[in-house]
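Below are structures written as structure tokens.
One chain, chain A, links the two complexes that follow: it is found with chain B in the first and with chain C in the second.
Moving on, here comes the complex of A and B:
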């Protein structure tokens, strides 16, 4: 049995055919309709990035930032062990957070796609409820849960399981993972859920009728068709994790530092906007490079084409 | 009659109630007239006059705001405050010298960039000191911190304070010799029970003082390397590092840590929560700072801003600020209002007691300090 990939979905093919056969045809080429989107991208997407790129070549002193042209900031990023180490550490944490979030989110999204009516509404509500509060609060809430005198330690001692508070629940890398996975789970669950929802049940029935076992149906039908959702979630969670700085600061303890904290310190403590920009642009470059490289194997283009391999 | 700090602090809630009643009544009788008749603070109270100010909210707490506004005859509209860095960024941004009428921020941090490299580069308005007569009452300790250039005055210290070790005296006995220095944050004795501040400037400064460096701000690369190595070695004793006020207070109040690098207002808040918390006067050097009032160069309301700065140097405002927040005023008149015991508690008598003071000045190589701090955190 051949795996069903997004470009083989018959419904899409038939829809294209219908358009060819005389559906509603566009009149002319109303390119101007793109202008709001293009404008939005220019103002909120490209302009800040371009400004940051420009500033990364400037120099900062205590008297402010001067519009010189210098490659010193980039040289410093490349030759200083601290920045390289932080970059690798942050990439590692972001990859692991993404992987853990997939493992947790996929079953949740699958369950959600199978629920109906009120049950589904309740489940969605429960999922969204914590996200009505701010990011900082969602990270901060782990302190009274995992702390020395927090809920878990109190419960363990009350039950006689431990005699003294456990220290390692908080202020280490494990707590950072916990915080990041908790905060970003929704960004993984939703796209996967939407992909799963779009799968035509007839495809699953057809696979079953043709003798595929449940595991094979999942592996060869459901997973390939939900892959764009998984990728979309992975990209979102990865990008969010790689730039995280509140969670490691709050939950990471004395070593709670990621690349985002290093960047933040240039703006908040050092007033060195030029070097902070160079650090940021380096991160943007590395993320772009990773996306380009990974697109050769994992079909990142599906994310940007909505599952249509155009 | 000199009141004790605890008397005053305990009466804050009653005074809040009085203030509500006062405001209700004022709504009927007319705020200006009532203010003039009940509080002999200002001959005129003009609602129309106002300044847009950037300053830490703690320096204009609710009980002190009416005093400033009545004394100056100016309404203070607070723009959102984030940090000294943010305040400086707002001043340095294009148009930043005309968007705000006055600012209050860390003198040592702001003065360099705000004045610029040379005469004429100033982004600040030269203050008309005849409109700030209360500046004459500054404590001698802070007169030297008035920022001037070429005979013009640009910044005047209005509030000061100090960073020290805040600790829970129920857990760490006050007679423990370690509490007499910054050592309590570094020694193995309280391993896992201490928190550092996630701040390159303050922590490296404290560690350098503790290591006996006579002038940390002038440390060269080699000294900085030594302090970095020392802090990396001592990091094993640290439970966590705090970045925000509430986070720090919560660390002590929840029992997560017993001692931390802390601010005066944290001591006040924790004491109000009923905790037996105090601060030390490190023999290796208490880190002091002050916050100055200044006026951006193109402010359209310079006279109003000068009136507010003058009011912030008044004894009425200074007393209230000190009572409510424990942050001392820079005015010698205010210091004279407190009892000997309160002067000691608040730190007004630091010079008389011979406490070694070290100003939290900014090192020229702060960039390297921040990098070192990141290395410490990464280790």
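Moving on, here comes the complex of A and C:
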């Protein structure tokens, strides 16, 4: 503010002048500062996806993958009953997993948001502790629990409830469901907990003051204000479980495999990269479609804008 | 501190509404104490608030005024004692079952609802018919001069508009007692004065009982029918703004309300005409003696800045004036503030209306200060 020209006609011109005279250097809009992030996204995010999209129109033979254009892969994805069934099954498991994690996580997150001081720290630690171990181990740990000679069967037999080990505990859709819920619950609890934690306690008091009983306070104030947390948790868990690979591989057996395993087998076992790409792109497309539909319906945009403003 | 609330029986000075002829109080506080662990927030407080009164709880932060308000609203339970609203003991009644409504310090408007839904909330909770709700919301918004703002989101409102929504949201329920927890604290001065007017206007037109918590003595003075001055969990004095301002009973009240010279001294003489002389650090003050005063009794005296004048024609011999040197002169717009030091070494401050005579006085000048015995309060505690 040192050099104030008496005849500062356009405000911008005078400001520029001030900056030149003073110590502040004009930096314009430093868009280039975004470049590391943008480059990262381009190279490791968009480029592989674009490449996969391209390859999904190619054809793979035992001699290798040929870059020509054909829709055969997509025709096979959509027409073959096996792949269609796998897709629906995977969607079903992902939906169920998401719903189940909400049911489990909301009360836990609510309890957590009520606790104070040391108790809270302890509970948060207890919740996080299992997640410091590897994802694979957390899925793997169900084998010695659910297996023929696992903890549950041993306990049942020791207690005399069953004579022989139960087989249906493991290697089926139910085991996959259980594993996914266990592995991904934290991704639901955390955003719900954070959104509950953000609610001003005075809002709850205000609702009570205005005649709302506890149930009405929950329905009219707490639930709507924690809804963005629930939605972001849902999106995260749904995306993670629809593309699950390790959990169904370990716990699923032949009947419990999911779309991720089908895709992986095209790349790893069948060496059919083109078809694997088409399967992947189909999944990406379906996920996008679901997000789009739900955004019209439950305000998913709030999740990405991080709150109340639309 | 044996009897800090001796005038609990003082009737409210509001123009008596017809229904308060029976003298039943809107709120009755009976021997209420509150402890948070080892800390005493309120220590055996008793008083009544009349129906239709604008009553302020005034005190510094931590004096227990908010705790008391929250107990009336049902957000805290008294550790001891009773709180009666409309003659009914409120023990165990949760906030949703009380005929009180609160305007919160930070308003606590629901951010996920429109202005309309915020205001309608209380009626919806009472399952009032939709068309009546609509009508009442319209009236409430009209009352706070926010017609046509129903569809707005809360974060699209200015500070003053949010205040009005909070008022409408509480008043639409026609509470028998409206509790206000320093709701104007966050506003700038201009808006604050505007909102004070607004609250006065609403109180006058609606006639509900208002209980207003504040640490701003000016705010309490401007709006209240009666004020309770609180400190450290005690009520020191209850009275009209005039009472509190003109006749503070304790040193704390004198200090807290308005700008006051306060001195410790002892009584040197009690005259037959009801006046007495109090000597404070060599300076003598003539004051009206309260009943039961004894010679040689240690007391404090208080003289407001504006009650010390510069036109000292009266001598210092009879305790109604003295000569002093101006150590500092401050311009305060409508008046000057002179900080002076008397020959005895006592620091006295005087507020003088802006006049030609006052303008001519400069720092370092010797002036004659004067005061009236009726303006000097004797404080026994």
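Structure notes:
As a working rule, the second predicted complex is superposed on the first by the 273 of 310 C-alpha atoms of A that agree within 3 Å, B and C clash if a C-alpha of one lies under 4 Å from a C-alpha of the other, contacts with A are read in each partner's own complex, and residues count from 1 in each chain.
The rule is short, and it goes like this: a residue touches a chain if its C-beta (ideal position, glycine included) is under 8 Å from a C-beta of that chain, and two chains touch if they have at least 3 such contacts.
What you see is a predicted model, and the numbers here were worked out from it, not measured in a lab.
Annotation: superposed three-chain arrangement on chain A; chain B versus chain C shows no clash, the two fitting side by side. In the superposed pair of complexes, A:221 makes contact with chain C only, with no contact to chain B. After overlaying the two complexes on the shared chain, residue contacts for A:254 are found with chain B alone; chain C is out of touch.
In the superposed model, A:212 makes contact with chain C only, not with chain B.
By the document's definition of touching, neither partner reaches A:274: not chain B, not chain C.
The larger set of touched chain A residues comes from B, when the choice is between chain B and chain C.
In the overlay built on the shared chain, the residue A:139 is in contact with neither chain B nor chain C.
In the superposition on chain A, no contact is made by A:91 with either chain B or chain C.
Legend: residue contacts after superposition of the two complexes on their common chain; A:171 is shown touching chain B, with no touch to chain C. Nearest C-alpha atoms belonging to chain B and chain C sit 46 Å apart in the superposition, given in whole angstrom. Looking at the complex, you find that chain B touches chain A at residues 83, 85-86, 88-89, 92, 112-113, 116-117, 121, 192, 196, 198-201, 235, 238-241, 243, 247, 250, 254-256, 362, 364, 366-367, 370-371, 373-375, 377-379. Note for the complex: chain A touches chain B at residues 62-64, 80, 82, 85-86, 89, 140, 143-144, 147-150, 167, 170-171, 249-250, 253-257, 261-262, 265-272, 275. Interface residues of chain C, counted against chain A in their complex, comprise 73-75, 94-96, 100-102, 104-106, 108-112, 121-122, 125-126, 153, 155, 169-170, 173. On the side of chain A, the complex with chain C involves touching residues 200, 202-203, 205-213, 216, 220-221, 224-225, 308-309.
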